[in-house]
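Below are structures written as structure tokens.
The same chain A turns up in both complexes below, where it pairs with chain B and then with chain C.
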Partner chain A sequence: MSSAVEQVTPREITTEPRRSDRVFRGIVTAGGFSSLLILGLITAFLGYRGFEVILEEGFGFITNSDWSITTDEAGNVVESNFGLAAMLVGTILCAFIAVIIAVPISVFSALFLNFYAPNWLKRILIAIIDLMAAFPSILFGIWGFLVLMPSVEYWAKLINKYLGFIPLFEVKPYFVTRSPFVAGVVLAIMIIPIITSVSREVFAQAPLDRIQAAYALGATRWAMIKAVVIPHGRSGVIGGAMLGLGRAMGETVAVFTVLNIVFQVNWHVLLGAGGNVASLIILKFGDASPYEIKALMAAGLVLFVMTLGVNALADFIVKRTGKSGR
Partner chain B sequence: MTSAEMLTPENPKVLGTGLEARGVHAWFGKNHVLSDINLNFAAGTVTALIGPSGCGKSTFIRTINRMHEFIPTAAMAGEVFLDGKDVYASGTDVTKIRLKIGMVFQKPNPFPSMTIGENVLSGLKLAQLKVPNKDDLLEECLTRAGLWKEVKDRLSAHGGSLSGGQQQRLCIARSLAVAPQVLLMDEPCSALDPGSTLRIEETIRELSDSMTIVIVTHNMQQAARVSDYTAFFLSDGGPGEMIETAPTSEIFSRPKDKRTEDYVTGRFG
Partner chain C sequence: MTTIPTPRKPWAATPKDRVRDLAILIGALVFTYYFVEITPMNGKLAYFSIFFLVYATFSGTYQGIKRGSAAAKDAIVNSIVVVGAVATLIPIGSILATVISKGYKGISFNLFTTDMSMATPTDPLTNGGILHAISGTLIMVLIALIISVPLGILTALYMTEIKGRFMRPIKFLVQAMSGVPSVVAGLFILSAILYPITKSFSGFMGALALSILMIPTIARTSEEVLLLIPSDLREAGVALGGTQWRTVAMIVLPAARSGLITAMILGVARIAGETAPLLLLTGGGDKVNGNPFSGPFGSLPYYIWKSFNSGSEEAITRAWAGLLVLIVIILILFISARSLSSRKVKR
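Moving on, here comes the complex of A and B:
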């Protein structure tokens, strides 16, 4: 009896899909894989064009910060030095300044929109914020250059005066225009819409029954937000911030317009010297020799890998913190 | 207040002097859902609100602790007196009203990000109250809600790890922590199994020694088991009205109104 039971194996369960279902399946599968294919092709292209330079420079490509190329009259490369260190540091620095400024502003505006703003104002503000997301980045850059820079300079001087003892805020020689700080502020304005709309979405999903529970216990609105909405939305806000970070790291024109690109690693955020991989590419692309173009492609690959890394990290953080809030 | 004084049992432990609703109406937008409700809730009694779905029972108890106004377009008229003061009087701090009038909802809703212990004490944090000994309060509230024995060894587990019935008792314990005079219960057992329902009914009986309880229920046996007074609500297409209120035994044995009789004998609803 028992041996007969042991011999039973689960049946294979199948279904024969209809043709229309199979066709549709094919279409959506193609859609799903297209982004992977495009991404793969771009990566392959960057790798193919850049590998020569990466092999030549080795690890120094990301640890050195020289960027020079000498050619003879015939156009042959005599000597070349390509290093991205300054640009990578600058990219990270600008992006982090942007996120540090943008996250609190975005979270507060998302909370305001969801829990304080009257309906008519909410509709108007959401439309404006969405518009901000679609605003061309060159305009942000120009506005940053002409309008923001002079006033941010004032703030930079203030920070330097009172917090200058912290190495990060040191400025020597005293040159505060076109610093990573200015670029960070411009980037912050650019990523506020993304972080705000992601935060707004997750805050709006805070469960109504818990919100009512908090109010029924005599909570003020702010106490309710602290107890229910923020724990619920935390992982979503982190995800939004990482999305913003990714955008800030890849941003080109706006940074290029306001940043003074210097090939020297600079951690002093207020000093007018910095870099950004994407701006480097746009700075050098126009009159680059074929060999230098290869170096720029390699730089693009490094930026791409770095952005990918940030996104993976974001995913990891969101998954890890996601459970506690729900 | 006269009828309230008449009905109040001589019990010095009972908090407050009861609750009175006077001429309460409620609207959602232009929809008039509740008409002219006059009800007295004597201190230390349990009052059951019964009636078919959509007759405004839940809306009525939500006007008592001012949760009604959270729904956009919601409006009300009339007065609700707690300790002789209208809770809708201008200049009233609504959060203080809700501290005195606790509420237990239909679906258990513990805070998922908090542990069992934190859930019980969450009201203190939310309302920024200080108590001398939190551990004692925690034990007392969980004991009164009939949950202490089951959770005392895992107070730091998350509230969501409990069963539905335990979660509901956790929500009751959470309401008790801020020492309300009145506890409103909106169909607290409708999502629970019979065993859990019985535990909660026992809890209600025990709590009624020290506070005023108003419970909305669709279960007439439950009303008969737990309540001292019963009020029958009905809507015949128009706004919900209170048809009759009396001691529970009378409502179920010799109701004055024909409609009440039809309802409690199961002829409709």
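Moving on, here comes the complex of A and C:
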């Protein structure tokens, strides 16, 4: 019997992550990059499919407003004109109308929620507004078409009657049905919950000591809001408005149901002729030839880049408020 | 015997103030009524706007006379703020009222037991139902959940547990992804998978597009939830000798369970009514189709869209009934998410 002492190797102490951890971190990091991958793939594939059309149309893809395609009997493209100008103008017009209507309403209701409403009411209202943000766009579209549109057309007529001398509100020929204004109002209702909740969050971050200091100096509630809350929350509200703008620009079904899509650049908000890139895609998709589909892909790419830009700007602005900590 | 003095609340409204407020309110109502009657204005909008104008003026003047211009401004802003809140609530009230009042007519027993394969949207309401739509939406949502829950939660874990070098850009990308228009998500699947590979409409394509829309919602909500988990728990896990993997899997995720379920529910609520990508990708069948990989695939939003565009009275009622079902589903999801998230994080 040997008295060999069993060799005990001491446990190695290391800061090196174990294999399970390395696998875990790898998987999580890979998952984290999924958003980059998806956004990259979207750009790549839409660009790849739409490349041919964008190359063919050149700069006119953005500056022309004609959308027509002629094919011979074999299905070959004889002549095609694809221009997005009317749709782009319409998209921007509708989205801006929506933001102009929605921002004041949202800011006031955010102020109401934060500084005026009693606690029980505040909790209920926040739940309701969050619920409204989750409503599907088809609901807003159908409701807007069947319920809201008659009243909005009546308002449009009023605006035209009393403010018609301003070129923006001109209606010639007199046709106010399904105008960008109607679409803008529907979009405004859709983005109010978003802007309200962003504004509410920024207003809630207003420093309590300053609020109390303002009250202690004898300020009324409005004076306090003007001196403390609004300077603090201004850029947050702007960021929220940009988020709403991005959402309004990408909205499809709701706009499609209430807007009369016409391939002609139209700046008159009350005239019943408008456009919207997303609606164009739905409108033309049904009976599009393969070549036209490529044009639609290119239109999608333009829309994607546009909303991405607006969202990036919004994100930047909201982040900056968070950091400045005034 | 000592009496406890009741604390004075000089800021609270005295009965006298209340009477005055009520008098201003009634005065404004009466004035509005006669004003609108006399002038050629009419309609709800006129009453609504004139009332608030008059009320703001009345209370502003009263406060101005009594307490000066700052109080007058305060009173005016007071009523403007209330207008803002009311204007936010009117649409949602109107939407709910319309959907319920118009949709209940289309709700019947056969709605939930039959599909539209033997009926057209313009048929009487006793024909056909939305079984195909409900089953289709359910299957697509399930597939979308299977795809996007792991990706969403992994993204959230990357931002809360690993906190790597790319945390900021990824946070931004998730934010940007939540702004992707739904129709673009549809076009992407169309261009990347449907045209080059499968070449036919199917429910699976729709589910893929829906998961693109769902990932950011899940990622952002999960991130918020995971940030709420106290770091004591993580440190305790590591101190007991657990690897990061075991700490996250056995401690952090179970602790955040109800919050993660809330994130999933909110994601489902986000996509349940999404229409545009389904119009591009699923082909919208009228028959119950249990196979998401082949054949046209019905869904609730597609059914609503199709019925609405058929235009006849029966078809529109069908659309409202479909919307009512959709809203009830979203409402249930929403309430369950709320009740889950209001519970405290379990340790």
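Observations on the structure shown:
FYI, the second predicted complex is superposed on the first by the 282 of 326 C-alpha atoms of A that agree within 3 Å, B and C clash if a C-alpha of one lies under 4 Å from a C-alpha of the other, contacts with A are read in each partner's own complex, and residues count from 1 in each chain.
Keep this in mind: a contact is a pair of C-beta atoms (placed from the backbone, for glycine too) under 8 Å apart; a residue touches a chain by one contact, two chains touch by 3 or more.
Just so we're clear, the structure is a prediction, and the values are computed from it rather than from any experiment.
Shared-chain residue A:231: touches chain B; no touch with chain C.
Once the two complexes are overlaid on the shared chain, A:209 sits against chain B while remaining clear of chain C.
Once chain A of one complex is fitted onto chain A of the other, the partner contacts of A:10 are absent, as it touches neither chain B nor chain C. By the touch criterion stated above, A:217 is placed in contact with chain B alone, chain C being left untouched.
For chain A, the partner that touches more of its residues is C, with chain B and chain C as the two candidates.
Applying the stated contact rule after C-alpha superposition, one finds that A:167 touches neither chain B nor chain C. When the two complexes are superposed on chain A, the residues of chain A that touch both chain B and chain C are 220, 223. Within the complex formed with chain C, the residues of chain A that make contact are 17-18, 20-21, 23-25, 27-36, 38-39, 41-42, 45-46, 48-49, 104-109, 111-113, 116-117, 125, 127-132, 134-140, 142-143, 146-148, 151, 154-155, 189, 192-193, 196, 220-223, 225, 243, 246-247, 249-253, 257, 278, 281-282, 285, 293, 296-297, 300, 303-304, 307-308, 310-312, 315. Residues 119, 207, 209-210, 212-220, 223-224, 227-228, 231-232, 324-326 of chain A are the ones that touch chain B when the two sit in their complex.
Considering their complex, residues 43, 45, 70-71, 73-74, 77-78, 80-85, 87-89, 91-92, 94-95, 98-99, 150-151, 153-155, 157-159, 161-162, 164, 166, 169-170, 172-177, 179-185, 187-188, 190-192, 195, 212, 215-216, 219, 243-246, 248, 266, 269-270, 272-276, 279-280, 301, 304-305, 308, 316, 319-320, 323, 326-327, 330-331, 334, 338 of chain C touch chain A. Residue ranges on chain B touching chain A, taken from their complex, read 65, 67, 70, 72, 95-99, 102-103, 105, 107, 109-114, 122-123, 125-128, 171, 174-175, 178.
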